[in-house]
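What follows are several structures.
Okay, so chain A shows up in both of these, paired with chain B first and chain C after.
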Partner chain A sequence: MTRAASGRAFPWDAVGLIVLIAAAAVAPDVLRALFGRASVSYLSIVTNALSLAILALSWDMLARTGQLSLAHAAFYGAGAYTTALMLRHLELPMWLGIPAGGVVAVLFALLLGSMTLRLRAIYFAIATLAFAEVLKSIAHHAPTAFAGGNAGMNVAPLFRPAFVAGEMERWEVAFLRNEAYFYVYAGLLALTVLVSMALQRSRLRHAFTAIRTNEDVAGVMGVRPARMKLLAFMLSAAGVGMLGAVEAHRIGSVLPDQSFAVATTVLALVTPIFGGLYTTLGPIVGALGLSSVQELLRRVFDDGYLIGYGVVLVMTILFMPRGVVGSIGYAWRKRGSGPSRAAPSAAPGSDAAGAPTRAASDAPADDPRAEAGGDA
Partner chain B sequence: MSVLLRTSGLAKRFGGLAAVDDVSFEVQRGEIFAIIGPNGAGKTTLLNLISGLLVPTAGSVELEGRDLAGLGTAARCHRGLGRAFQVVQPFPEMTVRENVLVGAMFGKAGIGRAEAERRADEALAHVGLDRRADDDAEELTLMEEKRLEIARALATRPTVLLLDEVMAGLRPVEAREAVALVKRLRDEGLTIAFIEHVMPVVRDLADRVLVMNYGRVLTTGSYAEVTRDPRVVEAYLGADPEEATP
Partner chain C sequence: MIDPTLVLQALVSGILAAGLYALVSVGLALAIGVIGIVNFAHGEFFMVGAFFAYQLFVSFGIDPIVSLFLVAPALALIGAAIYASTIRFVLKAPELNQMLLTFGLGIILQNLALLVWGGDPRTIAGIPYRSVGFELGPISVGLVPLASFLISLALVLGLYWMLARTATGRAMRAVAQNRVGAALVGLEVNRVYLVAFSLSALLAGIGGVMIAVIQSPTPTIGLAFTLKAFAIVVVSGLGNIRGVLFASLFVAIAESMVATLVPNGDTLRNAVFFAIIFVVLVWRSRRIA
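Let's turn to the complex of A and B:
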């Protein structure tokens, strides 16, 4: 019963964000104090997890409007290629490539979003997948002098910490570099979380949910589906575009098959499903959870760990269809109000007379037979 | 009285089938206007054309003298068209209040959160759902879902409310309550156009009745006039319309 007052309820999300930011601020130093030299690789594992969280949370923001995108590799690759092309052809500060990557991804999102407005479900998914493949193909076939062709382009690192002999050990150079990247990713994630939380607290949350549940009904109630879907597309692409740009610097190169990898798209969708869809927390929990599982399995099994990873994924989706966060939240809500919610079917009105009407086809269906069926 | 809603030569063809064919009628401000006809006569398609879910093959819809051509569902809602569906379709992931809040927040432009919540609660009280406001929408009974459907439309503050078979599936007691609700809404200044199969309900509510058959207008008039019309009687398979109801 507390959900109705969610606007005035205790701001758990804000508290959670502050705790996360505090944890991120001290994480590199804690890792270093605990693990010394090994903290270099731990930092990059954690950074990978943050990267996955940014990708997953951004994907989820679009999914909240019912648009299950298979195009997120396109936004990621667009961001990566934007910063690489700027470095290669323009004399601009390197850091500008990151916001520019976000902007270019947003423009692509606007283009793709307006083309797919009327497509639903599987048709939407196929169109978005094709879009990503087209961009990949363009990256392959663009003139080598311009965009590097199959060989891609080198991208300078954002950070080059200097080795100071006598004052630090060799590994500390790598640590400083990884630490700097870690903070960039943490900052980008914080930004994405803020956008997601703002969405969840505003009236847009209701608009997104309404469109996802029934676009026709949402429209009749005054929600503008086209506008909302495009907005979600742009917000979703912005973070992923910037992520792609930062990753290009961290990896040191862009390549068509790596920057527009189908794996990016798959992770973008699997992670929120694992963690819990349509929330801010779910995709983050999903990213941290999946990264941990993957790392643990890699350490235990060495080769073939991906089989175990797949098993964990399938089991979670089979037995926790709402995702980790969704399932816990569901159990929590069921806890207090058992009997009153247990037997809704026993309520008056949902008797035999009601059943045929409810089973009838959707009223606003684009089909004259819908009426005949509904009238029965 | 002035004309609030007017359709002129409205038509919708699906391939070779004319679901709605040359339908022209006027709804006066403040009246309760019934649309009746046998199964498949094109009544729901007609409402879909008016509310913008379907694009007409020909003809026009005017609200308060302004042509609605080219406007989507949301824009029409903002102009004052409210719509309740025949198959009730609440947003199951939301509470009852949140369902209505969507209509209150988005039904008219520039509504603040506080004002939207006030309008939502008002609409809920209007249909007698205020006590269930915080329950999940999927827990409602059929009658309650129908009330929710109307509350959502009311929360958009329409000038004309389109109701699609609100009485279907209701028991007599519930139907009487629904009739009383519709009358109350009209007394408060709302104009209502509704599709209905239950003839006693049409008799009790309608100021004027439009009879459709095979997508076309058969006749328009008072309840007494149309039920005396031999073409109407024939359309209902020769039966007395009062007995042709399910």
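Let's turn to the complex of A and C:
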């Protein structure tokens, strides 16, 4: 059963990865050849999409254990503030801030994760949200001399391409800078994808699915929920922490409201649901899809284009409840295999697209009061 | 030394502020407890209520007190329309789907409001009673916060009474306990949900009218109130109205105490609120097991 499921599901992930890497390698030059000067802004749009993909895929890795985090802004902000603080107070190479951001985010994840181990569903979500909001307040109230307080801190850019008069045009400086950032983001995304695929190929995938479906039963069957949940938490935070650090350099500053924005948390959650949960491909497709939708709407409608964005989200849930990738995969399997329809239903745990609906709906949604202990 | 009158003043302000928290949270508790829908657009109903009150005042000079009676049915209608067009299709869907759907609805409502009213804070200026206050010994009480507290309290208690005593309320509780069983004994589950969702939006809308008088809202206040209401509802055990009242009182008084007694404490309100929520959730989960 496992072999059949992996034989069906994994080549798509591998193909997707190869296509992505190939596309990433040539993307800047293709854009430049096609659009010339305009490629500068196109490149930064694509980079934003990659950033969203890293965020979404990281969030999804944690969600695979059934933990719906609303704390990803905290990991992002922790990464951003780490690199900014190192830059300000330590005489170290700038690049070290990025792995350090990841490490600090992992430590926060360990702290938060071990405190929230017993909380489930919406209780977990609200506790993580509260944690992130408290961190934001701490950033607001940090002593100005140490971490900037309300005013935040400036962060030096990672790249300063030099302008060579006569040999290049002005806009090419911006292009070179954006190109360099693009490769950093693409590399970070590749790293996140590799971690995600490694998780999906290993036995951990089944452990995560078991915990998501029913934590108590998973525990009885020999999975260690606490250990698995913490592992997922740390892996998820690592990528987001590094992303926050890189993004701080790209934006040029850290600010409490910007680095710990609730919007980061919301996007981290919205994108994988849109694309398809509990897969590697889903969050990436979700990120590319949502970024394209947003950019298109912005160009067409200008003011109030986010209304259209909201409409797209609503329509997706109403008509593609499994997300884009999940729904396409589901339709494909239904159509392609009349006789072998028994296969997916016989293995709900290993069915990437079918599992979320079943796993998540039965426990928390039908009985919202099913807390760890129940209340008076 | 801490001045005792300051503490008393903070206590009174906290209690008065708790009314609005309770009102907004109780509406959300209804949506979660009765319908089982994780509604992340709840705060947008609140925001829409505030801007309806503002527009009624600016366009027709209608006093916010009168607006209460106009905004309430309007929000009930909007709630019913949203339920009928979207929410009822995701009742059995996973929580995450409900979250994405209601986030989407929230984005639509918020950006519609931004399109209509722009991003600047809007004030209902020139109502005579806005700055009226009473001096009760050493402490002062504003008329508007007091009135909003009393209205909120009346509505929350009214809701409690309705759920306990009326046929509609009993139907809601029955549906909340067991949707299949309720349908089997002849309740029209979908209609009960529709009423509950309208009521939820209505309560938030009334809260919005009051915030329009108390503060100067922008179209982006919704999410903050959604998150706070969620925190209160979750801490009080999802759908427990007495719990919502108690939790609202507790966090509002704590916020007010810190804002008054700690230097520069006004900016610490959110930190206090969410720190309490976090500690309560984590502590309770440990104690239970």
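Following the convention adopted for this analysis, the second predicted complex is superposed on the first by the 325 of 376 C-alpha atoms of A that agree within 3 Å, B and C clash if a C-alpha of one lies under 4 Å from a C-alpha of the other, contacts with A are read in each partner's own complex, and residues count from 1 in each chain.
Quick note on the criterion: contacts are C-beta pairs under 8 Å (C-beta built on N, C-alpha and C of every residue); 3 or more make two chains touch, one makes a residue touch a chain.
None of these values were measured; they are calculated from a predicted model.
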Exercise for the section: Could you look at A:45 and tell me whether it touches chain B, chain C, both or neither (first, second, both, neither)? Expected result: neither
Handout entry: First, second, both or neither for A:222, with chain B first and chain C second
Key = first
Practice task
Could you look at A:20 and tell me whether it touches chain B, chain C, both or neither (first, second, both, neither)?
Solution key: neither
Exercise for the section: Report for A:209: first if it touches chain B alone, second if chain C alone, otherwise both or neither. Expected result: first
Practice task
Could you say whether A:307 touches chain B, chain C, both of them, or neither, answering first, second, both or neither?
Solution key: second
Handout entry: chain A residues contacted in one complex by chain B, in the other by chain C
Key = 356-357, 360-361, 364, 366-368, 371-372, 375-376
Completion exercise
Interface with chain A, chain C side, in the complex: residues 32-33, 36, 38, 86, 89-90, 92-101, 103-108, 110-112, 114-115, 223, 227, 230-231, 234-240, 243, 267-268, 270-271, 273-275, 277-278, 281-282, 284-286, 288-289
Completion exercise
In the complex, chain A touches chain B at residues 1, 3-4, 7, 203, 206-207, 209-210, 213-214, 216-226, 341, 344, 347-351, 353-354, 356-358, 360-364, 366-368, 370-372, 374-376
Completion exercise
In the complex, chain B touches chain A at residues 14, 17, 19, 39-40, 42-45, 48, 51-54, 72-75, 77-78, 83, 85-89, 91-95, 97-98, 101-103, 105-108, 113, 116, 133-134, 136, 138-139, 141-144, 152-153, 155-156, 164-165, 168-171, 174, 197
Completion exercise
The residues of chain A that touch chain C in their complex are 63, 68, 115-116, 118-119, 121-123, 126-127, 129-131, 133-134, 136-138, 140-141, 262, 266, 269-270, 273-274, 277, 303-304, 306-307, 309-314, 316-318, 321, 356-357, 359-361, 364-369, 371-373, 375-376
